[in-house]
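For reference, the structure I am asking about is given below.
The chains carry the letters A, B, C, D, E and F, assigned in the order they are written, with residues numbered from 1 in each.
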């Protein structure tokens, strides 16, 4: 079993905001991330797939195909988007935290992978913060 | 003459949008950066100051003081902000491109520096794009 | 289960030196790291916590609180310190290798974490060397 | 159990090419990587060893010795080489993909490690692609 | 005057080899870089353009257009290539050193830039070596 | 004229401390950097040399020779050292700030360069702070 990882990148706006809460409660819970006018990030997404290299090609999965699937399933929908408003697979009212995004990206990508087996979603929000999800 | 550089970071949302233009014209000029619902970035700001090291302390400027001035003049106003809506020193209608931000940051910081002489503002929008401004 | 990682940084001096050994034995075992006058490093510390995201906030743990706990438990004690002399939780005579520091940092941090479960301490001494500890 | 990782680097040329296939089949499978005149990469190799720190030295393994073993077993043979032509431990006709190289590096290094236990080979081909192997 | 920099990347094989010299002379001058079977690198290319931001768009040059011009002039010709054999604008017999490539890339790109003025070509061969050219 | 840059790295301990001052004055001026027991850093040193590429070799200077000269002039003396105590070319009582070190490294290296002309010393103390010196 070998693990192959592909990085893709996207830029997006978001805010953390619970609509049932008062402004004070949101500020208390989320600090500057609760700015009503949004803020944003450059996200680094690392997708890891596991499998056995094909004896002829040496590939678990053609990394160019993997890149295309990640783009179709995730990047094309989130790049230059507002994560609270624009993305069909992020449920309304769910906070677009790094943790939640990692889970949602897994669920979005996993059914579309035809070769290899999804092992890990790693999402970096800043150089100091990242989340990882390995499936249910 | 020695040059001392301090990096600070901030996260912000923005869009590129000329209000006098139609949607098509904005899309034509700015592509995905014209998304009405905003997108965002992790910005890396490098401030370079030049001067002669103090013969006793060996400092051009105490880098902790430099960090405080950069934060007061720039970071506290732009971090977790919307660059089109929230920042008092960005004129309404001016596009918050990397180029324009580098100029505005210079003008914001230069009058507040008490030691050393401002030499360069370098602003990185992504790992692939940055702008530099050396004054007028 | 989602894994959330926070990076913190510190700078410190240390040396590797077994006081029961002769100078030659220390030089033999530790090379340049046995310089009696110390040397030092910029350390990168990555702390990984695992848990289930809160259904309302989307947080395993508020990453700002995690940062505060790491600072209180570890960074405030080791930053700009001498790891052989200044740190109360490093036993006298224990070598401050990357391996030992990773274990000590785990033991220092684990009892103070109120949310999430400590999963990993990763400590980078240089761009070429790091140690990881996952608990006993 | 603590995990210690050492990075080494090498530069090499390679191509992906199945000699039993036509030019069109190779181009179809490998795209630009099938250029007959070769292309190349800067590779980053991360070797992770696990063990218990020695109670006196604090070392799982002396990282300088680990570096020497990695160089003898792998780097001296692949650095500034052609991975398809020059390396005795890469079987003729086996594609030098990141996946295959990770497995071959494990087999090359594992018997030579006298201290610690090999845990992981991680090989980065570009900033966007890496493979990991944890043994059979 | 503002300076805007765009990074592009490519992978290539090359060797340093003076055909008029003996094997010993080549080995003496170029060491491992003289391997007859080639070696290779991941190159990072930074192109800096200077100009005055357009008062409406805030652009010196649309960075997407800049990226396209760099790709047409340089990247499409050198990516996944052999720099000694495959590239029409590298004269036969000229060593593909980082220094020479920086000059050749300038001459290749400069006539094609329609907006802004080319200021600098920076080419990184490894994390430890880069060359810069600012024109004649 | 082409500019060639080589990176070398070293690790060292230091403190900022004016012996004529009281403890309070030192703490006031230097903060945590005045810890009597020292602290330390991983330093990144970038040396830039300018010249015209040799028409046959394509080299301004053989980068391996440049590396050797940098090591002899600087790295061998400062690596794993105490910058306040161990380095013959750092005058006693001169603060080993990044600014002062950049000047001293220039003076140390410049007379030993036989090919090319020294253009810049860039010294990074942390990922957030660096100094540059271009000569007198």
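Keep this in mind: a residue touches a chain if its C-beta (ideal position, glycine included) is under 8 Å from a C-beta of that chain, and two chains touch if they have at least 3 such contacts.
Predicted, not measured: the structure shown is a model, and the values here were computed from it.
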Practice task
Trace the shortest sequence of touching chains from chain C to chain F and report its length in steps.
Solution key: 1
Completion exercise
Every chain in contact with both chain D and chain F is listed here as C, E
Practice task
Tell me which chain's centre, taken as the mean of its C-alpha atoms, is farthest from chain B.
Solution key: D
Completion exercise
Per mean C-alpha coordinates, the chain lying farthest from chain F is A
Problem - Turning angle required so that chain D lies on chain E, C-alpha fit (0 to 180°, nearest 5) - result: 180
Fill in the blank from the handout: More Cb-Cb contact pairs, comparing A-B against B-E, go to A-B
Problem - Recurring contact interface, reference C-F, options D-E, B-E or C-D [over half identical by residue number] - result: D-E
Exercise for the section: Could you put a whole-Å number on the gap between the CA centroids of chain B and chain D? Expected result: 41
Handout entry: Cα-centroid distance, chain B relative to chain C, in whole angstrom
Key = 34
Fill in the blank from the handout: Chain-centre distance (mean CA atoms) for chain B and chain F, in whole Å, is 29
Completion exercise
Going by residue number, chain A touches two or more other chains at 127
Exercise for the section: Pull out all the chain pairs that touch, please. Expected result: A-B, A-C, A-D, B-E, B-F, C-D, C-F, D-E, E-F
Completion exercise
In the complex, the residues of chain C that touch chain F are 9, 11-14, 32-33, 35, 37-42, 79-82, 85-86, 126-127
Practice task
Quick one: which bits of chain B touch chain F in the complex? Just the residue numbers, please.
Solution key: 1-8, 48, 53, 56-60, 62-64
Completion exercise
Within the complex, chain B is touched by chain F residues 16, 18, 29-31, 94-100, 102-103, 127-134
